[in-house]
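Once you scroll down, you'll see the structures, which are given as structure tokens.
Next come two complexes built around chain A: one with chain B, the other with chain C.
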Partner chain A sequence: MLKDIGKTLIGLWSLIIGLKITGKEFFKPWLTVHYPRQEVKNLNTYRGHIELTGQETDPWKPKCVMCGKCAEICPSGCIHIEFHIAGEDDSSQTEKILIGVGVEIPFSGKKFVPAAKIERELDIFNLNYNLCSLCGLCVQNCPVDAIKFSKDVYLAGRSRQDFEYDLLARLKGQG
Partner chain B sequence: MKPNESKFELNGDYYSTRFEPSGSETGDTLILNMGPQHPSTHGVLRIIVELDGEYIKKAEPVLGYIHRMHEKMGEVKTYMQYLPNMGRVDYLHALAWNWAYVGAVEKLTGIEVPQRAEYIRVITCELNRICSHLLWWGAYLLDLGAFTPILYAFVDREKIMDILQIVTGSRLTYCYYRFGGVSADITDEFINQTKEFLTYFKTRIPMYHDLVTGNMILRGRCEDIGVLSVETAKQYGATGPVLRGSGIAYDVRKVEPYSVYDKFDFKIPVGQNGDAMDRYDVRVAEMTESLKIIEQALESLPDGHYINPNLPDRIMPPKGEVYYAVEGARGKIGIYIISDGTAKPYRLKLRAPGFSNLHLFAELSQGTLLSDAVSILGSLDLVIPEIDR
Partner chain C sequence: MINFLSIPLIHIIVALVAILAFIGLNGVVLVYMERKVAGFIQRRPGPYEVGPQGLLQPVADALKLLGKQLTSPMGADKILFWSAPIISFAPVVVCFLPIPFGPSPNSTGMELNLGLLLVLAFSGINVFALCMTGWGSNNKYSLLGAARAVSQSVAYEIPLLLAVLSIAFQTGSLNLSEIVQSQQGVIHWHIFMQPLAFIIYFISATAETNRAPFDLPEAESELTAGFHTEYSGMTFGLFFLAEYAYMIVVCSVATALFLGGWDGPFFDGFWWFLFKVYALMLVLMWFRWTYPRVRFDQLLNICWKWLIPLSVLNLILTAFFIKLVH
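What follows is the complex of A and B.
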């Protein structure tokens, strides 16, 4: 009987301690961030969708040498690249090589060496962000550091097409 | 009807029509579904329960609502391409799955991991473990009817996610480990913030104990609830805090140390009775142990490469098979790979600890009150995507 009373008293005391902690916390400063009016501070470490980087001499021209490694390694097949040999007609179908979803590039077993003689021009570099898992494999496997992560965190769209990015246009559109 | 024939049934789906009630003396039992959208099942788990009044006569978990064919995907993707899948199996302790997979492939291919990378893996994986336990702590108490603790837990969890974001770039579904190391070196910012967190979190754990562990309501809902005997645990292949709660000090980090875990001094907390309270205590004590490991790893962090600089251009393991196990927040995570010498695994098997732990529920909940079953379910710390895979 006495034991039970003791137990109950200890139990009640535990409730009071709990209330004390909650009470203390009540007077502490706010920890949450009120989003549209405030922002979290660590957006700089966020790793968003990929973005092309420009050349040092001409920031509007992509660094990309069109090796296709990123498109090949991407687990979800989000990257689609098309290019043509410089000086030739854009529409010549024979020179147009398609890299991207469903097209396998035979593996050579060697490190990619950009062909110095043949100048290529990038026509299309599309990213389907709907499929991207933000794994970062494409960025790591690019031999010339032609892609980087963006800090785009506030994304909202009305349709799926809103997340199919034309990265070339984005590069040219940047200030 | 043959078992594999599917037919639209008005009286219920495949599982409910095949559920066999155990019946009662009065013949008056009620069969009902807990989940797949029930708030106490955390994710899409469905349990068919047969109730006699408030008491559970029989419970049967139904799986597969978020089956995503992870194992099959392993067969059609290259070794590298399968990496991001690992963050999505158990999203609460994603780094342990990262580790199990890269560890298996490294073992099979014979890739060496630099010491610095091993230490970075230990630090990040343990931070992730605390993160996972914190979420369990909050969610479990929420199941038991206490709303405030989860808010405290999320304050601390947010801090860990901020720290991990510095190096991984993401907050939940990490894809950070690579064959032969990690994808980015840790920065001074990371180290400083981790140290700050260590000091801070040490003051939080006593607060957690004051707020919750001693609370009479919690004790009433956990003590002597869901007592798991060692035999049953072994029969079902339970691992992790569920097994340790029953008094078996089985932890992969200790019994078959992988990576550099044998260099750290830490204890394996165990329970005595195997009830829900013991499983609770084990997990909370594990957070303290993880803090100790991180502290030691930060102190002795060696210089060097964060990833092996002489990696082959493409991962192509030789013919053979490999099994690699690590200790996740929920138990033993195992990856079994058969390679036929090509760029893609021939077969890949994921051993999820939650799968074994879940099936204990059917046994433990028999004859208990429905409200206690919720407590048992929470104390098993299940992550359904890991179970369904």
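What follows is the complex of A and C.
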């Protein structure tokens, strides 16, 4: 009986402590960021859609070596890459063979040139963000760190087409 | 004007109109207050976008409720279903009549010898309305909520009455104006003589008005919305308004019984009464955003094992001391 009363008194005191805590919190400033008027600053770890990174010497040119690993590993198949061999003016005239999901290699008829020896130029690097599941495998598997996450938190669009990105154009536009 | 008010019929009509206006206005104020308190305790701004500092938010909410369609579920008992919100709301108006808001006789709706009894009796009708919603809605959540509401109210009315009774013993009156008159000067407030009764009254009142941590009849996590699950639009609005009005009633009675009513340091007057009522309301809101909901067995244990024995003890002690003094 006495034990019960003691326990109850301790319980009652804990209720007062609870009130004290919430009472103190009441007078402290807001923790939330009032969005349209303020914006959060710690966006370094934010993982938005992917973006190409430029070369250090020439930021307009992508670091990408066109190996196609990103397109191959993407579980949703949202990356599409096209390129042509340097020197050949029009890539559309040569035949192409598909070496992976969304990756086509130019094939100039008889001779199959080893991929590593070809000097290549990136024509298209498209991202269909509608399909992307933000797994980040492409960024992890890029051998030359040519892809990074964008910090575009406040992404909004009116149609599906708004989320089909031409990443090459974005890189050039950013300059 | 004063002559007009001395005619009983006109006095009551004016009082009823004033009470209804007060209930409506009070609903708006309390919705805003509750949401702001919730926000501040959770360290966010609360309503902010509608009007300056979100002041017009309750008005927007009210307009939304008014504009919504009223529907009744399939298989519902139509008569019970539609009359329940009215039965929940109507008696609360009567509860305001005997409450003395200020020192002048005009600030009491109706002087009654048994004012306290009237308040207690009419506030009990609310449970009946909840019972009707439970049966009439044809919904398991409503039924469970109503069952909980009934057993909770039956349990907590006892310590509430016993706590009130000890004040009635002490003052020898059930007239709220007389009880207020008997505690002029801050040291004579009953809270200092009957602190236990005040604590028991306040806990029981929290449970009676179905406020957190005793909001089991509408426990969102278990019962969707409890007894008012099937109500939309203004029928829900009436329950909501009635709930806030009952909160004001219990806080007003607490103010009149324990905190000296309109009596206060410096200037007596209705502002003291309103200030105390809203301070108690703030405490109720503070409770809500501090404590987690109790389990049902805990709820009944608190009442039957602690509050009722303590209130009986308090009553016996009060009776003993009164006998001793006289």
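Observations on the structure shown:
Basically, the second predicted complex is superposed on the first by the 124 of 175 C-alpha atoms of A that agree within 3 Å, B and C clash if a C-alpha of one lies under 4 Å from a C-alpha of the other, contacts with A are read in each partner's own complex, and residues count from 1 in each chain.
Here is the rule we go by: a contact is a pair of C-beta atoms (placed from the backbone, for glycine too) under 8 Å apart; a residue touches a chain by one contact, two chains touch by 3 or more.
All figures in this text were calculated on a predicted structure; none of them were measured in a lab.
In the superposition on chain A, contact is made by A:G11 with chain B only, not with chain C. In the superposed model, A:L31 lies in contact with both chain B and chain C.
Once the two complexes are overlaid on the shared chain, A:S133 sits against chain B while remaining clear of chain C.
After overlaying the two complexes on the shared chain, residue contacts for A:T22 are found with chain B and with chain C alike.
In the superposition on chain A, A:I73 contacts chain B only, with no contact to chain C. Put simply, more of the residues of chain A are touched by B, taking chain B and chain C as the two choices. Of the two partner chains placed around the shared chain by superposition, chain B is the only one that A:T45 touches, whereas chain C remains out of contact. Within chain A, the residues touched by chain B in the first complex and by chain C in the second are 15, 18, 21-22, 25, 31.
Contact residues on chain A toward chain B in their complex (touch as defined above): 10-12, 14-15, 17-18, 21-22, 25, 31, 42, 45-47, 73-75, 107, 109-111, 133-137, 140, 149.
Residues of chain A that touch chain C in their complex: 8, 15, 18-19, 21-23, 25-32, 34. Chain C meets chain A in the complex at residues 37, 40-45, 48, 286-287, 289-291, 306. Chain B makes touch with chain A in their complex at residues 77-78, 80-85, 88, 148, 152, 155, 162, 165-166, 168-170, 173, 175, 178, 183, 207, 210-212, 214-217, 219, 313-314, 343.
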